[in-house]
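Each of the next two complexes has chain A plus one other chain: chain B in the first, chain C in the second.
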Partner chain A sequence: MRIQKAAFKLKLSEFTIYRSNVFLNFFFGCVPLLVQIFLWKAIYGNGLERIGGYSYKQMITYYVLTFLCSEILDARDNTVKMSEMIQDGQIHNYLLKPIGFLSLNYKLYQAEKMIYLLNVGIPFLVFCLAIHKFIYWKAYNLLFFVISFCLAFVLKYMIGCILGLITTWVEEITGLLDLLNNVEKFLSGSLIPLTLLPSGLNMALSFFPFKYTLFVPVDIYMGNMKSQDMGISIGIQAVWCIVLGLVLIILKNEAFKKYSGYGS
Partner chain B sequence: MISVNHLCKTYKVRQQTSSKNILKSLFKSEYRYVKAVQDISFEIEQGEMAGLIGLNGAGKTTTLKMMAGLIHPSEGTVTVNGFTPHELKKEFLKKIGLVMGNKSQLWWDISAYDSFELEGQIYGLTLKQIEERVADLSDLLDVKELLRVPVRKLSLGERMKMELILVLLHEPSVLFLDEPTIGLDIISQKKLRDFVKKYNCEKKSTTIITSHNMKDVEELCKRIIVIDHGTVIYDGLIENLKKYSKESDFEEIVAKLLQGTQGQ
Partner chain C sequence: MRYLKLYLNFVKNCFRRETIYRFNFFVNMFTVVMGYASHILFYYFVYDTGIEQISGWDRYQIYCLLATVWIVDSIFGGVFFFNLIKIPSKVKNYELDGLLTKPVNSVFMLSLRQFNFGLFSGTFFGAAFLIYSLWRGNIRVSAFGILCYLILVMCAVILLFSILFIMVTFSLRFVRIQGLIGMYWTFMDIGKNPHSIYPMALKYGLVFIIPAIVVYNFPVQVLVGNHYLRYLNSVSTLILAIAITAVFLTGSVFYFRKSLRYYYD
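Up next, the complex of A and B:
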């Protein structure tokens, strides 16, 4: 806990340097969200009550929530940083600390995300109030949403780390990262709700972890899941966390066995 | 005590292909094997200060990295205070410190003190202990006024002093210094050397220094290990080397020694 506190303090100092970047990125990120509101208004304007099980308000809420969740859960920066650290040898700084590489990295990552949430939380609420007419406020399953969101947070972090560690073998992961990012956007429900996809494809996506990194927590918030399905989905999220956690530990051990730090 | 026995390290390095073979390289990469360290053996007693000297690419830093546990040896063994370094056991990591002249361990955008706080917490120090140790060390190194200045605004000499404070915060009993005076002016070099000498005297730490600056080695160490092409060509007291040489300048003596092996 003391290390977590120190990590929080360090990241807070760092945040004060980059605060304008964070706010600008967030506010410009809201622009496509406004486009979605008008786009779906036009689609629902044709007399459709529900699309993919979502009412108009639910659809807008879906996009607002997926926007905020993907901003918080985004692990791309951590992956890129990890990859660069392996390439330029800066990873030495983490390896020689008596806390473990992944543990220190996760504590810093968590602190960064907490600070981000604290800083964009109020502007986000103001934004939601400004478009409150379009928002579906009834959160049936807030507790389950929080549990599912936390598991999604860990899942996204681990997927990012696995990708970052692959640098030890392939040296350059930018292409792989971009590919995964685009695939993930689609498969996680960031672009459209997965219920709009053909049921066969939707079913197939249940066998990949991506759905559980965004769509599942948001769908739980929307109250679209029966309590039994909710339990199963959270259970599957937990299983993915364990599986990816094991993969990550094995990969980390193998990566550092192979790591040469040559030239650095 | 540090014990190095028949240590070898071979790097597998991917070859850059010529434009002729660029298509072929998309499917099959070519590698070459670089023998960085070949059958090195030596022992260093507790509290001893020894210098590792050699030309660029001789294998000094690779040897140092294997002693610190950053990379796995291809063959042979290293033990440091009874630990196998690359196992990266917590008890081992708590006892060592590594400073690399060309790698910063400080957080670039924030003050060095923020980095010290996190570092101290990682090593289980209390806030009071951190405060006291930073005060002592910064006093000795004459950087007390700069503790709250962002690291990127420090000069190279000031930054190197901060790096030393960071590494010495947990009072390691084994200290690895990889070119600690690289790029520093003569006054900063002298201050840094005096400080390392004082630390070694007070804490009885085992210290290994690699440097191209012969003044560092001559002033700090009684014993040197000269490495060339990955093998030890001299291991003994500086005094003996001087005694049997026609030259009086230490730098000249080492240059002759290395030129001798280059000519062979």
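Up next, the complex of A and C:
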């Protein structure tokens, strides 16, 4: 708990330095949401009541929620930082500390995201109120949404860490990160609700972890899932967490065995 | 002629560097292709739900718009983007001082030194997708239409250059401008959708204040005939685009020269 508090304080002081940048990014991130309102209005203007199981309001809410969730779940900065620490040997400083590298890194990551959420929470609510006509306020399964979101948070963190540790073998991962980012946007449902895809493709995507990092929590909020499906989806999220957790531990051990810290 | 020779040397140097990092080149190219492919898939699946048109645009007209976005972004990305984006760091590290002492036009040096083949290759993918969309959509285009399209694509690239150049020139005064560059992308992305989804007042703003519609929608309008104002035809669209481009280009160079004076002081 003491370490968590220290991490929170550290990230808070970092945040105050880059506060204006964080807010600017958030506000400009809201502009594409306004574009989505116009675009989907034109699409629903064809007389369709529901598309992919979503009404117009649900569709806009889907994009608003995916925007907030992807901002909170975005682990790219942490991955790049981890990769740079391996490249320039800074990781030495962490290996000498009397706390596990991943444990400390997760605590810092968690603190950073909590501060982000606390700061953009009010502007986000104001934004939602400003476009309240288009928002679907009914949260059918809020508790399950929170559980699913927390699991998605851990999943995204672990995927990011695995990529960061790969730097030990391939040195440069920014190209790989950009590639994954583009693929993930589509596979996680950030670009389009996965219910719009053909059922075969949607089924195939269930075998990848990406769907569980964004689409599943948002769909649970919308109340589109039956309670049985919800249980199964959360169960699969938990299984992915265990599998990726094991991969991460094995990879970390192998990476630190190989890591020699040249140039540090 | 001297500048052409110099530019060819720049391109040659960049090509040599790309051949050294071949893996990186292919990863970059594949990443960009995946990015555009996901946007195409978005509309593919939306139209697959049984929708005939989105605000008067059918499936293949939208594909023509997406192909144009791909072409414009690839040319701009390959020729200008990596040069302009480095200007703030050149100001921060005092590299700009060295460049200004060279006996070459400073705008030329700052905007054309790097050529990114990975991004530029997207032009060919975009062109192939445009031809496919015109063919599948049974859209007939005259030779004059093609000429107008090419001129409008050129205007679009120059406009993108001018707007980003104005943004990065701010770094001569304020140094840290990441937020502004984020704003640039956000507003330009608005133009990547069909113009007819926006209300009229916003459309005017996106033509005369932030010309995102001029950049991405105007070229495709001369191909598919879906003009943003009913009384505009290909010729008037062309004249309007050239006039807006000339204003932005002149403004950006003028602002750069003025900011340089501030920088010298």
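In this section, the second predicted complex is superposed on the first by the 264 of 264 C-alpha atoms of A that agree within 3 Å, B and C clash if a C-alpha of one lies under 4 Å from a C-alpha of the other, contacts with A are read in each partner's own complex, and residues count from 1 in each chain.
Here, a residue touches a chain if its C-beta (ideal position, glycine included) is under 8 Å from a C-beta of that chain, and two chains touch if they have at least 3 such contacts.
Since the structure is predicted, the reported quantities are computational estimates derived from the model, not experimental observations.
S.K.: Specify the outcome, clash or fit, for chain B and chain C once both structures are aligned onto chain A.
M.R.: Here chain B and chain C can both sit on chain A without a clash.
S.K.: According to the stated criteria, A:89 is in contact with first (chain B), second (chain C), both, or neither; which is it?
M.R.: The answer is first: A:89 touches chain B but not chain C.
S.K.: Tell me the contact category for A:57 with respect to chain B and chain C: first, second, both or neither.
M.R.: neither
S.K.: Taking the superposition on A as described, I'd like to know which of chain B and chain C A:183 touches: first, second, both or neither.
M.R.: After superposition on chain A, A:183 lies in contact with chain C alone.
S.K.: Looking at the overlay, what does A:14 touch: chain B (first), chain C (second), both, or neither?
M.R.: first
S.K.: Between chain B (first) and chain C (second), which does A:252 come into contact with in this model arrangement: first, second, both, or neither?
M.R.: In the superposition, A:252 contacts neither chain B nor chain C.
S.K.: Quick one: is A:76 in contact with chain B, with chain C, with both, or with neither? Answer first, second, both or neither.
M.R.: neither
S.K.: State the minimum pairwise Cα distance, in Å, between chain B and chain C in the overlaid complexes.
M.R.: In the combined three-chain model, chain B comes within 5 Å of chain C at the C-alpha level.
S.K.: After overlaying the two complexes on chain A, where does the chain B footprint on chain A coincide with the chain C footprint?
M.R.: none
S.K.: Along chain C, where are the residues that touch chain A in the complex?
M.R.: 24, 27-28, 30-31, 34-35, 38-39, 41-42, 45-46, 48-55, 178-179, 182-183, 186-187, 189-190, 193-194, 196-199
S.K.: Would you tell me which residues of chain B are touching chain A in their complex?
M.R.: Its residues touching chain A are 11-14, 34, 36, 65, 68-72, 88, 90-91, 93-94, 96, 98, 100, 103, 105, 107, 109-111, 114-115, 117-118, 120-123, 150.
S.K.: What residues on chain A touch chain C, complex-wise?
M.R.: Within the complex, chain A touches chain C at residues 20-21, 24-25, 28-29, 31-32, 35, 38-39, 41-43, 45-46, 48, 51-52, 172, 175-176, 178-179, 182-183, 185-186, 191-192, 196-198.
S.K.: Mind pulling up the chain A residues that touch chain B in the complex?
M.R.: For chain A paired with chain B, touching residues are 2-3, 5-7, 9-10, 13-14, 17-18, 89-90, 92-93, 95-99, 104, 171, 256-257, 259-262, 264.
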